[in-house]
Amino acid sequence: MQDKKVGLADTMFARYDMASIARQELEDSGVTVERYTVPGFKDLPVASKKLIEEHGCDTVIAMGMAGSADVDKTCAHEASQGLIQAELDTNTHIIEVFVYENEAKDPEGLEEIFQDRVKKHARNALKLLRGKTELTINAGEGKRQGHSDAGPIDEE
Amino acid sequence: MQDKKVGLADTMFARYDMASIARQELEDSGVTVERYTVPGFKDLPVASKKLIEEHGCDTVIAMGMAGSADVDKTCAHEASQGLIQAELDTNTHIIEVFVYENEAKDPEGLEEIFQDRVKKHARNALKLLRGKTELTINAGEGKRQGHSDAGPIDEE
Amino acid sequence: MQDKKVGLADTMFARYDMASIARQELEDSGVTVERYTVPGFKDLPVASKKLIEEHGCDTVIAMGMAGSADVDKTCAHEASQGLIQAELDTNTHIIEVFVYENEAKDPEGLEEIFQDRVKKHARNALKLLRGKTELTINAGEGKRQGHSDAGPIDEE
Amino acid sequence: MQDKKVGLADTMFARYDMASIARQELEDSGVTVERYTVPGFKDLPVASKKLIEEHGCDTVIAMGMAGSADVDKTCAHEASQGLIQAELDTNTHIIEVFVYENEAKDPEGLEEIFQDRVKKHARNALKLLRGKTELTINAGEGKRQGHSDAGPIDEE
Amino acid sequence: MQDKKVGLADTMFARYDMASIARQELEDSGVTVERYTVPGFKDLPVASKKLIEEHGCDTVIAMGMAGSADVDKTCAHEASQGLIQAELDTNTHIIEVFVYENEAKDPEGLEEIFQDRVKKHARNALKLLRGKTELTINAGEGKRQGHSDAGPIDEE
């Protein structure tokens, strides 16, 4: 993966340094990392597109945190739509890693989610770079990021 | 249909191996199958577009499962909008096969829905490949996938 | 109108053969009709765009029925957004004719809505083909399709 | 403004002849007017884009009325999204003038809103044609169309 | 920053002269400022795109105020989607600065939000012009505009 470049788009709004977790997780893979920090997650779609089109990234991990108010959910929705549009504009995967502030009851719980979700999605991003069936071994397995896996329904 | 290629885009998030049902259903038709597995269904639009533009697929079946929380419904909505956009970008059908985790009360009921919906939509995808009036015989017939047909209103 | 082609995009999901009403209504006008049947109304945007770009249609009537669950309304919303996008992509009118299953209390009431809405919109489609002020005589008149006209407010 | 062309896109669905108010308001400015009447406001985005791209309009006033049901609000939302997309596609202002049927208690109140909102927005459209700072004198002044101005907060 | 141009897109609807705060904040940086005033925030996406494509702006600060009714929130949502689309169309940052009328209880509180949010975002816009890691020092720090910072979760 020496010849691959991974973009890390992150925000000042988030209450945890998500990009540093991602950078650490990617370290051993040999990929080059390009970081792009924006104010909030609505700024992530254009930052991700610029990482791909102007900075030569082969994929982007777009990281943000949503507050717990209704307006925050609307913002997250708009950011997600923009990220999907940016993917379609570039034919490139942008892995969205959003954490909702009300997913955990306390900072410790939230930190665990940040760590787990970013790490797993960093690994997913690498696998998608390797090829379109690299994740097929886990297809339909009820895999989760930030929480424990749900598992396949027939093992319930 | 020997010269046709069908893309199967599926997810690790889903709790059932939907792509394998589709593959089996397509087997006798002679079409070639290309699989693309992504983390969750928000990754399906770009995967579907890549299957069409980079892997030569003539149509794609995009399969995913939505959880039962409100945020899962929003994600499904975003994925659907992206899939429609990808269709318009490519003038190619992408058959969306989404299952909602709360559509059935137990794993057995859910499995039936997965099986029925994927199989029927695999057949629909093949028919659309054959021509734009291949499904006309069933137009207005209240056809359903994953549940029994509603039927036409004048037979109620 | 001999040289004009009208696309009829319809679905297997609908519980009434909407395209046949439209075909009948268009019969005397001399236009050529091209039909395209898809599984559900989310498949209508790309079908409509293909009717315009690949089958030479000058306008399209896109017909579908929405179920009464919340998810059905979301699907109708996504389909509508896609149809508007397809119109902007092609600079061509696509007349959306959607019927909501809960608009009437019984099959008879629903049938009346199907008949009235499709017929009136088929006529609207023809008039839009003739020119941009063909409908101006009815501008601001509170015209409805599927229900009786609301009329202008100053006649209330 | 003799060399400028203003498009008036209006609907049969609306219960008031909005385009005629606009035409009257524009009369003394010397601009040419092109009218385009469509069935409902979901048809306005493509009509507005055609007025710009096929009929040479320098700006468009897109006028419609929304009913009071939930589905009407969704339709207005879709129309608004389409109008914004059409603006981005053409780099041209399309002034949206929508009236909600439940904004007033009686036809008289509604008529006042129709008259005031269309007239003010017709003047806004003309000013935007003259240049990007023609409205700057009123920036931050809490200007409203269809209702009395809210005014700046420091004059409250 | 002498060679950079910053667009200021603002509205007559807002009840505070947001663009003047921004202009003041940008003064010492040496950038050139181009202002564009529109009626309401739905007009901001195309104004921002024109500032970039027709007036040579390197970035835009798009400022608006949302009323407290439900329809105002929908309008803000549509404006946000349009701004993100304009960013993707131009590969250029458009910093959205929206204030909701119900964010504060009285005009004084609202004025504080207007001042703080516009100033901080003007500084953010300048930093993004300087480079993609200029804001990285604050990544994950829970930075807010218009309210006091939330801070990182591990300092809670």
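When the chains are written out, they are named A, B, C, D and E in that same order, and each has its own residue count from 1.
Please note the rule applied: a residue touches a chain if its C-beta (ideal position, glycine included) is under 8 Å from a C-beta of that chain, and two chains touch if they have at least 3 such contacts.
Remember, it's a predicted structure, so these values are computed and weren't measured experimentally.
Chains touching both chain B and chain E: A. Listed by label, the chains that touch chain A and also chain D are E. Separation of chain C from chain E in touch steps, taking the shortest path, is 2. Annotation: the chain D:chain E pair of sequence copies touches via predominantly different residues, less than half of the used numbers being shared.
Computed from the mean C-alpha positions, the centre of chain C lies at a distance of 25 Å from the centre of chain D.
For the pair chain B and chain D, the distance between mean C-alpha positions equals 40 Å. Annotation for chain E: residues touching 2 or more other chains are 81, 85. Taken as a contact graph, the chains are arranged in a single closed ring, with each chain touching exactly two others.
Remark: ring traversal beginning at chain A, heading first to chain E, gives the chain order A, E, D, C, B. For chain C in complex with chain B, the residues that touch the partner chain are 10-20, 34-39, 42-43, 45-47, 49-51, 53-55, 71, 74-75, 78-79, 81-82, 85-86, 89, 107, 110-111. Considering their complex, residues 73, 77, 80-81, 83-85, 87-88, 91-96, 100, 121, 124, 128, 132-136, 138-145, 150-154, 156 of chain E touch chain A.
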